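Got a structure here, written out as structure tokens. Questions coming.
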Amino acid sequence: MIRVQREDFDTGAELARLSADNLGVGGVAAFVGLVRDMAGDETLTAMELEHYPGMTEKALADIEAEAKRRWPLEASLIIHRHGTLEPGDRIVLVATASAHRQAAFEACQFLVDWLKTKAPFWKREETAGGHRWVDARSADDTQAARWESGKAAG
Amino acid sequence: MIRVQREDFDTGAELARLSADNLGVGGVAAFVGLVRDMAGDETLTAMELEHYPGMTEKALADIEAEAKRRWPLEASLIIHRHGTLEPGDRIVLVATASAHRQAAFEACQFLVDWLKTKAPFWKREETAGGHRWVDARSADDTQAARWESGKAAG
Amino acid sequence: MKIVYFAWLREKTGCAEEEVSPPESVTDVRGLVEWLCSRGDGYAEAFADLGPVRVAVNLEYVKLDQAVGPDDEVAFFPPVTGG
Amino acid sequence: MKIVYFAWLREKTGCAEEEVSPPESVTDVRGLVEWLCSRGDGYAEAFADLGPVRVAVNLEYVKLDQAVGPDDEVAFFPPVTGG
């Protein structure tokens, strides 16, 4: 399931829904991304999250389909917010449900890694000094590249 | 933070608490373990979780301290239930908060892997055919052994 | 042809979205970028270095040699930074 | 000396917890197990195969050659299966 929205989400309710009515789920792995208060050396006052409506949903659905191809998932969920966020706000929830924990963990990490390098979102940090578009991190490319072989990792 | 309890827990509230008042947290990784409805080929009617009061808390605190030694965590949480559980019930919540997602993910997985092989809990499955103590899985030992070198994995 | 711009490409071109009718000589993304650059300083500045520019045609990532035509939606944006 | 048993070791010995006073010749866990086995069929059955038996003394995992004395708490249990 994919959702792109301005509104916050209820992490507990979303995770509970992922395994509701499915007694084959043994583990749910989840990641919640939050806005930190630092932008480099400066204090972040706000973060603007821009995205490409239409392509975002398609990119996330493609990533989710790839995870389901690689791991035996009972369910998965990506919720990504856009718009203006403040330090401490939730940005993203990625969650996976599987019979076994290792599949859930790996698929969750895969989804986050690929989302960070493939889904068309852009962060703009606002500080007292003005605003600045966040640069893509080469570490994120490295993380994402781990999964390029098409194999589930160890 | 360690909690061993009979009562269920509120996943959303627990995860929110982990990053509350700490604007340096960029990511929270979490794992929720659930009771499945299968015990081998049989339908599970209930699961009894026995533990060793005193040693459980100590073992979990040791595991958590080791995770904090290995990764730069802002916070961590292990809640493990005991007593009688039914299919679909939550058993365990493991969560880690860090500035960066990779540390949160790795530490969360480490905590679950070590908890599974070091914390004194025992599961007894109840089916129509009677009851049976769950055997330790060699796969769990393999998972846990990944972390024995004392190094954070890649 | 519909063109959309995001993040600093939107700011530099001063445009979020526009309908354009490039000449018939424009057949691929590279030709489209060259033609767009001729339309003003903001465009020339936005596309001065194509290294950090990503392109999608009809919501799919493509390379500069991707063919484009009148019915396509072409998007220009920097490397993504979500999550 | 306090002895505690968990899971099927508790069921086989028929005992969750007991205070015992083994003879002075019992100085380590291995000796303690041998002495416990002499106390009844349930004990002998529980400890027939020590392969799947784990031991903790004063809440720490130990091996069979761990020294034990009157003030210790000794726990016997199978490999753990929590999480």
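Descriptive notes on the structure:
Per-chain residue numbering starts at 1, and chain names A, B, C and D are given in the order in which the chains are listed.
Throughout what follows, contacts are C-beta pairs under 8 Å (C-beta built on N, C-alpha and C of every residue); 3 or more make two chains touch, one makes a residue touch a chain.
Not measured: the values here are computed from a predicted model.
Distances between chain centres, each the mean of the C-alpha atoms, put D farthest from subunit A.
As a whole-number value, the distance joining the C-alpha centres of subunit B and subunit C reads 48 Å.
Per-chain Cα centroids separate subunit C from subunit D by 74 Å. Centroid to centroid, with C-alpha atoms defining each point, subunit A and subunit B lie 22 Å apart.
For subunit D, the set of residues that touch two or more other chains comprises 83. Of all residues in subunit B, those that touch two or more other chains are 33, 101, 112.
The set of touching chain pairs reads A-B, A-C, B-D, using the touch definition from the header. Contacts from subunit D toward subunit B in the complex involve residues 4, 6-8, 56, 59, 61, 75, 77-83. Considering their complex, residues 33, 49-52, 54-55, 58-59, 80, 91-92, 112, 115-124, 133-137, 140 of subunit B touch subunit D.
Those residues of subunit B that touch subunit A in the shared complex are 10-13, 15-16, 19, 23-34, 36-38, 87-88, 99, 101-102, 104-105, 108-109, 112, 143.
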